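In what comes next, subunit A is part of two complexes: it sits with subunit B in the first one and with subunit C in the second one.
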Partner chain A sequence: MIWQFDLLILALGVLCALASISLKDLLSAAIVFGAYSFLMCLLWTEMGAVDVAFTEAAVGAGVSTVFFLAAVYHTNRAVKPRRRGRLLHKLVGLVTAACIGLLLLSATADFPTWADPNSPASVYLSPFYITETIPQTAVPNIVTAVLADFRGFDTMFETSVIFVAGLAVLAILGSYGRRQRDYEPSPTGQDAAHQSSIVQTACRVFVPFMQLFALYVVAHGHHSPGGGFQGGVILGASFILVAISYDLRVMQRRLRERLAMLFAGLGVLIYAGIGALCLVLGANFLDYSILHTILPATSPIMARSHGMLGVEIGVAFTVMAIMVIIYVNVASHGKSDRGL
Partner chain B sequence: MDNFFIAGGVILLVLMLLTLYRAIIGPTAIDRLMAVNVIGTKTTVLLIIIGMLFNWVEMFVDIALAYALLNFIVTIATSRYFQHHKNLCPIGFGIRHRKEGARK
Partner chain C sequence: MEMLLAKYNYWIYVTLMMIGIYAMIAKCNLMKKIIGMSIFQTAIIVFYVSIGAKKGATIPIIAHGHGVAHEAVRVADYVNPLPHVLMLTAIVVGVGTLGVALAIAMSIHEKYGSLEEDEILERQE
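Up next, the complex of A and B:
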């Protein structure tokens, strides 16, 4: 906590948030919203929540703004001008909002104050994780241990939620399983051959390093901030970068939509499969310590660490594939032909 | 040494405020894009500075790297947008709706 930073970052963040909701140009609003996510990442870093900040860095800087841009690309760029409401309507809205705001503010009085040593969270919950993570799991990064082991059941369903989000995008927009439509050349003649070779070469050199870094983030999540979610998003962003700098077709030659869907399902299957394997071996669901009976040369403690790695790999598969699927469908309006 | 880094960080944040002015007012989307790009670059530096203040740089280098790797995807995506839609500064796209023909 450095109060000078706190104050300035918070002020900047509020300014950004207000600007992005009041801008009438949706493209600009999406860009300013990107700045908002930079500032939130800084704020979380500065408060010590490094893993959350990393997720925000990967999602906010990498993919969410691109998704917004792709949605604006295929819809309308301007907000429709609002008709002037009647004074009575405005008054009713104002009073309702003010009442609910006051109600919520009065509820915050019951919360424990910030960093209160007597709050329930810091009396028994945090001390347990802080003292028991290393002896029980041998994982230095407590957040990874909580995410993938102690609260592994929650994370499994978070992964399923991402999977379902991808399915929902496919169900609304996608032509998955339908016959591919013919490729229509773009009206402005901007095909892969006509794009800037500077951008293409730079991205081609860049993408392998990005993917290597993503794999490092997945594998090193036990020791540093990172893990399946962040690594998966960076891996997905590398494919999105190929699709943006070249063409959607070029990317789909590397990773077809069917293959991506297979990866998405495979990730959830790996996660649930490791849990079910523990069940078969006679322990509870997702109790990785029993895995030492089938993994060679491990103790029950190291088996928990390895189990977490397996689960993180599953998460990375799902997140990577779903990011690619969402981009392909939103950017091409479900036709998966050209993209942005 | 800590005071030096805190002062450096505060100066960067104040500079960020100046670029944010361009991001919020900036008449065209390109102005906003450039401003947000600058903010992203400053964020990368600030992350390292915060790491120095916490005496744990190796933790924060990963996040800063992720930023450096991903920061320009949005820029390229927006340039692709303008490759197809040429209109850089349409009327009525600021904070307020301007009336048609109000442009000077």
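Up next, the complex of A and C:
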């Protein structure tokens, strides 16, 4: 932790945040917001939160910028210059922000100094995770172990929240099930004629490596930063890349919306299914150690490691499918016919 | 100056939070409000992640190798992993809610032909 470096990133971050809320062009605002996310990602790497930084790089800087661009494409790009009558709003906003800021700043007087190893957050509960992760689960990445095992119940419902978010986007924008979804497959190349062949060739080379990397991130999350959330987002991003550089239809020939929806449900089912399996075998819900009775040649400790891999795969399925579904619906305004 | 440097993480998170809340209240454009919401969210993540930091500690992945016996793990060597877990899922859930917010903004634009708060209010009457 080098405070000079931190302060530089933080100052740039504040500048980017101010720029993205004050720019009159929403497209530029979205791009600047992407830059802001990357700065935050750097900051978290620097604070030692590698898993958080990885997620932010994939989600905040990558996928959500694309979502913003897609939404701006279908609405107005320019922010209208304000006429009279906004002064009150600005005043209320400033006063509220100032009050909250002052309250929070006065509260910081009671907080421990930054990076104090003896701060309450670091002496209570978290030492248990740090010392017990290897003996109990044989997983070196503590974040993965806490995410998928010690606090697995939490993560299961967070996966469900993502699933529900996908359903909500479909319900608001989509025409899923309302009419025939079968598009007429047009001859290859005709759909995608509006895109440059350089972009398409680069994408064609790129996508297999992206997907392979995503699978590596999911499978290797026990030993390095990564896991189901990051891998799922990268996998979803590879489909989004195809949809951008070719056409939405080309992507949907690979992954139909129905199939994506099925994957999303399947992911949650895998997660909850592994939990229920533990229950059936006579242990608590999501207590993977009991799985050693059905997995060949595993000890209860390794069974917990394998159980984590199982739920991470479930998480990856759901996250991948929901990213694709949100992109398809936002980019095509729910019609899923053609993209940006 | 000493006091400022000792707690600069809190100062920055408060600043980002103020920017976010100002954008959510004062900006007229719905997209700007959504950007403000995302900034507010990252401010909270900055707060949590900085709580987990420890001086002289490394990333929360225990040093290991195949076939090597593990030494006893010293707590002070690794940053607090718990805030990381909470924030990791918060980011992914955040992109889900961002998708929902954008979908709602797009339906509003379809119905009222505008993303400006005051124009939507005018057209509602």
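The rule we apply is simple: the second predicted complex is superposed on the first by the 309 of 340 C-alpha atoms of A that agree within 3 Å, B and C clash if a C-alpha of one lies under 4 Å from a C-alpha of the other, contacts with A are read in each partner's own complex, and residues count from 1 in each chain.
The criterion applied here is as follows: a contact is a pair of C-beta atoms (placed from the backbone, for glycine too) under 8 Å apart; a residue touches a chain by one contact, two chains touch by 3 or more.
Just so we're clear, the structure is a prediction, and the values are computed from it rather than from any experiment.
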item: Overlay on subunit A: subunit C relative to subunit B, clash or fit; value: fit
item: Partner chain(s) touched by A:D6 [first = subunit B, second = subunit C, both, neither]; value: second
item: Touched partner set for A:P225, first subunit B, second subunit C, both or neither; value: both
item: First (subunit B), second (subunit C), both or neither touched by A:L309; value: neither
item: Between subunit B and subunit C, more extensive residue contact with subunit A; value: C
item: Touched partner set for A:S126, first subunit B, second subunit C, both or neither; value: second
item: Touching partner for A:V50 - first (subunit B), second (subunit C), both, neither; value: both
item: Partner chain in contact with A:L94 - subunit B first, subunit C second, else both or neither; value: second
item: Subunit B and subunit C, minimum CA distance [Å, superposed model]; value: 8
item: Common interface residues of subunit A - those touching subunit B in one complex and subunit C in the other; value: 48, 50, 63, 70, 72, 224-225
item: Of subunit C, residues touching subunit A in the complex; value: 5-12, 14-23, 25-29, 31-32, 35-36, 38-39, 42, 45-46, 49-64, 70, 73, 75-76, 78-85, 87-89, 91-100, 102-107, 109-110, 114-116, 118-119
item: Complex contacts: residues of subunit B adjacent to subunit A; value: 6, 9-10, 13-14, 16-17, 20, 23-24, 26, 29, 32-33, 35-36, 39-40, 43, 46-47, 50, 53-54, 58-60, 62-63, 65-67, 69-71, 73-74, 76-78, 80-81, 83-85, 90, 92-97
item: Subunit B-facing residues of subunit A, complex; value: 2, 4-5, 8-9, 11-12, 15-16, 19, 22-25, 27-28, 31-32, 34-35, 38-39, 41-42, 45-46, 48, 50, 53-54, 57-58, 61-63, 65-66, 69-70, 72-73, 77-78, 81, 186, 188, 190, 199, 203, 206, 209-210, 213, 217, 224-226, 230, 234, 237, 240-241, 244-245, 340
item: Parts of subunit A lying in touch with subunit C, wherever the complex brings them together; value: 1, 3, 6-7, 10, 13-14, 17-18, 20-21, 26, 29-30, 33, 36-37, 40, 43-44, 47-52, 55-56, 59-60, 63-64, 67-68, 70-72, 74-76, 79-80, 82, 85-86, 89-90, 92-94, 96-98, 100-101, 104-105, 108, 111, 113-117, 119, 121-122, 125-127, 129-131, 133-134, 140-143, 146-147, 151, 154-155, 158, 161-162, 164-166, 168-169, 172-173, 223-225, 229, 233, 319, 322-323, 326, 329-330, 333
